[in-house]
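Both complexes shown next keep chain A, but they swap its partner, so chain B is in the first and chain C is in the second.
Coming up: the complex of A and B.
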C-alpha cells in the first residue's frame, strides 16, 4: 500500500455522501429561480466545477514550485495529476457553461461573459500541457520543463481573469456574485454543499490516480527485482511522469 | 550586465550578417496586410477593426521571431558554451528578450507605416504617440513571454508547433489590452491617447511576467 491510498476509503465515502446530499438539496430544497426556472440549477454544477478546476490549476503550479525547489520527482507527479484532473473538470465546466448560456441567453457561446471567456483562454493554455510533456523525451527534463510551464501558467490564471474582467467589466454587471450578496440563504447553502462535494470529488480522484501510479511503479520495481532487469519491458515514451 | 551586452551584441551582429529573421518578419507582416485586404474585401479600415488587424499581424509576425530566437544556440552548441562560462544564467534571458524587443521595434518601424499606407483610413499622424506607447508596452510583453516560451519549446521535438500554441494563450490578455487600447486611436476623429487602464494592464502584465521569467529561467538551462 502506498501512502496515497491511506484514508482513501473514508474520503471516497465522504465524497459520495456529500454529492448525494448536494443533489438532494439541489432538487428538493433550493427554490426555483424566479427568472430562469429549472435550468438555473445547472449553476450548482457549473460554478463549483469552474472554481475547483481553477484552484486545481493553481495547486498544480504550487506543486511544481515544490518540484523545482526540491528536485523531488514526486512533486512533479502531484502537479501532473492535479493539472490533468483540472483539465477534465474544465471540459465539464465549459460544457455545462455552454448549456446554461444556451438556456438563459439563447446562444451556445456568449462572448460578453468575461468569466466564461477567461475560462476558455485558461483551457486553451492548459491544453498544451500534455503535448509539451509528450514532446520531451528525457524524463528528467520533461519533469523540469513541465514544472516551469505549470508555475508560469498557474500565475497566468489570476492575471488572465483580471485582464479579461477589466476589458468588459464596466459594461456588464455580474449576474451571480460569488460573495452571495444576491442569493437567498437556501441557495447559498445548496451552493456551498455542492462546492464541497465537487472539491471532495477532485481530491478523491487526485488521490486515486496518484495511488494507482505509485502502485504501478512499485510493482515494476518488484517485478524487476524478482524476474531480473530484462524481464520487464522498458516503458515507452509517455507524457505522464513514471 | 557585461554578459548581457555581449550576448545581445552577438545576436544583433548575427542578424546583421545573415539577415535571416527580421526581413522574414517584415515581409510576413506586409503580406498579411495584403491578405487582410482581400479577406475583408475593404480598401481602407478604421477603428477597432484596424486595431485588430494591426495587433494580430504584429503578434503573428512576432511569433516568427520567437520561433527563431534560440535556433543558433541549439544548432551550434551555444547553450553548452553559455553554461560552461562562469556567468549568471539570467543574463541569457535578459539578452534574448532585449534582442527580441529590438527586432519587434524594427519590425514596427517598417510595418506601421506600411499599414498606414496600405489599409488604414484615418491619418496615423495625430494618434501616433499613443500608438507608439501602446506598442512599446505590448512589445515588452511579447519579448518576455516569447523568450520564455522559446526557451521551453527549443528543447522539444515538435518545437515549431509547441512554441506558438503555448505563446498564443499566454499573450491573449496583452492582445486584448493592445487592440482595445488602439481601437479608439485609429477611429475617424478618434482619441489621441489610449485609456489609462489598458496601459496599466500592459504595464502590470510586463512586470509580472518579467519577474516570473526571471525566477524560472534558470531551470530551463540546467543540464
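Coming up: the complex of A and C.
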C-alpha cells in the first residue's frame, strides 16, 4: 500500500461530512445578504475555491523548496500535484466568479477590477507550468527547473495578493479583513465551514492523486524487477514526474 | 417539507439560476476529476492483473522445467 493512501478513507469521510454541513448551512442557515440577496450564496463556494487555490500554489512552492534542498524527487511530485490541484480549483474559482460577476454587475468579466485580473494573471502564470515541464525531456532537469519555477511563482502569489489589497481602485467587495471583516456571525460560521470543506477537498484529492501516481510507479518498478527491463515500455515524454 | 418552507435562502427567482450554475460548476469539476482518476485506476488494475498473469506463467514454466530435470 502506498504511504499516501494512509488515512485517505478518514480524510474522505471528513471532507464529505464538512461539505455536506457547509451546503446545509449555506442554504438553510445563513441569512440572505441585505445588499445582494440570494446571489451572495455564490460567495461560499467562490471565495473558498480562490483562497484554497492560492494557498495550494504557495504550498507547491514550499514542496519545491524541499526538492531543491534535498534532491528527493518525492518533493517534486508533491509540488507537481499541489500545483495541478490548484489549477483545477482556480478554474472553478474563475468560473464561479464570472457567474457571480454576471449576476451582480451584469458583466461576465470586469477588466478594471484588480482582484479579478490579478487572479487571472496567477492562473495564466501557472498555466505555463505544465508546458515548461513537458518541454524538458530529462526527468532530473525537468524536476529542478519546475521546482525553481514553483518557488518563484509561489513567492509571487502572496506579493500579488498584498499588492491588490493595497490598491485603491476596486469594485470587488472587501468583506474579509484581519480585524474580523464585515460579515455577521452566522455568515462567518458558514464561510468558515465552507472554507474548511474546500481545504479538506483539496487535501483529499491531493493525497488521492499522489497515491495513484505512487502506485503506478511501484507497479512499473515491480514489473521491471520481476520481468526485466524489456518488459517495461519506455515512458514517453511527460509533464508529470516519473 | 417544513424545512424547505422556512428556509430563508431558497427564493428561486432570477438569481436562482446563477447560484445553481455556480454550484453545478463546482460539482461537475469534482466529478470530471474523479472520473479521470477512475479511468487511470482501471488502467493500473489492468497492469497489475497482467503482471500477475505473467508471473504465474513464468512460475508454471519453471515448475515444468524442474519436473523434466527430475525425470531426466
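Here is the rule we use: the second predicted complex is superposed on the first by the 224 of 242 C-alpha atoms of A that agree within 3 Å, B and C clash if a C-alpha of one lies under 4 Å from a C-alpha of the other, contacts with A are read in each partner's own complex, and residues count from 1 in each chain.
Simple rule for what comes next: a residue touches a chain if its C-beta (ideal position, glycine included) is under 8 Å from a C-beta of that chain, and two chains touch if they have at least 3 such contacts.
Please read all numbers here as calculations on a predicted model, not as lab measurements.
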For this session: Kindly say whether there is room for both chain B and chain C on chain A in the superposition, answering fit or clash.
Result: fit
Exercise. A:109 contacts which: chain B (first), chain C (second), both, neither?
Worked result: neither
Exercise. Between chain B (first) and chain C (second), which, if any, makes contact with A:148: first, second, both or neither?
Worked result: first
For this session: Scan A:159 for contacts with chain B and chain C and give back first, second, both or neither.
Result: first
Exercise. Of the partners chain B and chain C, which touch A:28 in the superposed model: first, second, both, neither?
Worked result: second
For this session: Using the superposition on chain A described above, determine whether A:131 touches chain B (first), chain C (second), both, or neither.
Result: first
For this session: Would you check which partner chain A:91 touches, where first means chain B only, second means chain C only, and both and neither mean what they say?
Result: second
Exercise. Upon superposition of the two complexes, what minimum C-alpha distance (Å) separates chain B from chain C?
Worked result: 26
Seminar exercise, completed: The chain A residues in contact with chain B across the complex are 68, 121-122, 124-125, 128, 131-132, 135-137, 141, 144-145, 147-149, 151-153, 155-156, 159-160, 162-164, 166-167
Seminar exercise, completed: The answer for chain B against chain A in the complex is residues 148, 152, 155-159, 161-162, 165-166, 168-170, 172-173, 176-177, 180, 197, 201, 204-205, 208-209, 212-213, 215-216, 219-220, 222-223
Seminar exercise, completed: Seen from chain A, its contact residues with chain C in the complex are 26-28, 30-32, 37-39, 41-42, 45-46, 49, 88, 91-92, 95-96, 99-100, 102-103, 201, 205, 208-209, 212, 215-216, 219, 222-223, 226-227, 231
Exercise. Can you name the residues of chain C that touch chain A in the complex?
Worked result: 3, 7-11, 13, 15-16, 18-19, 21-23, 25-26, 29-30, 33, 37, 40-41, 44, 47-48, 51, 54-55, 58
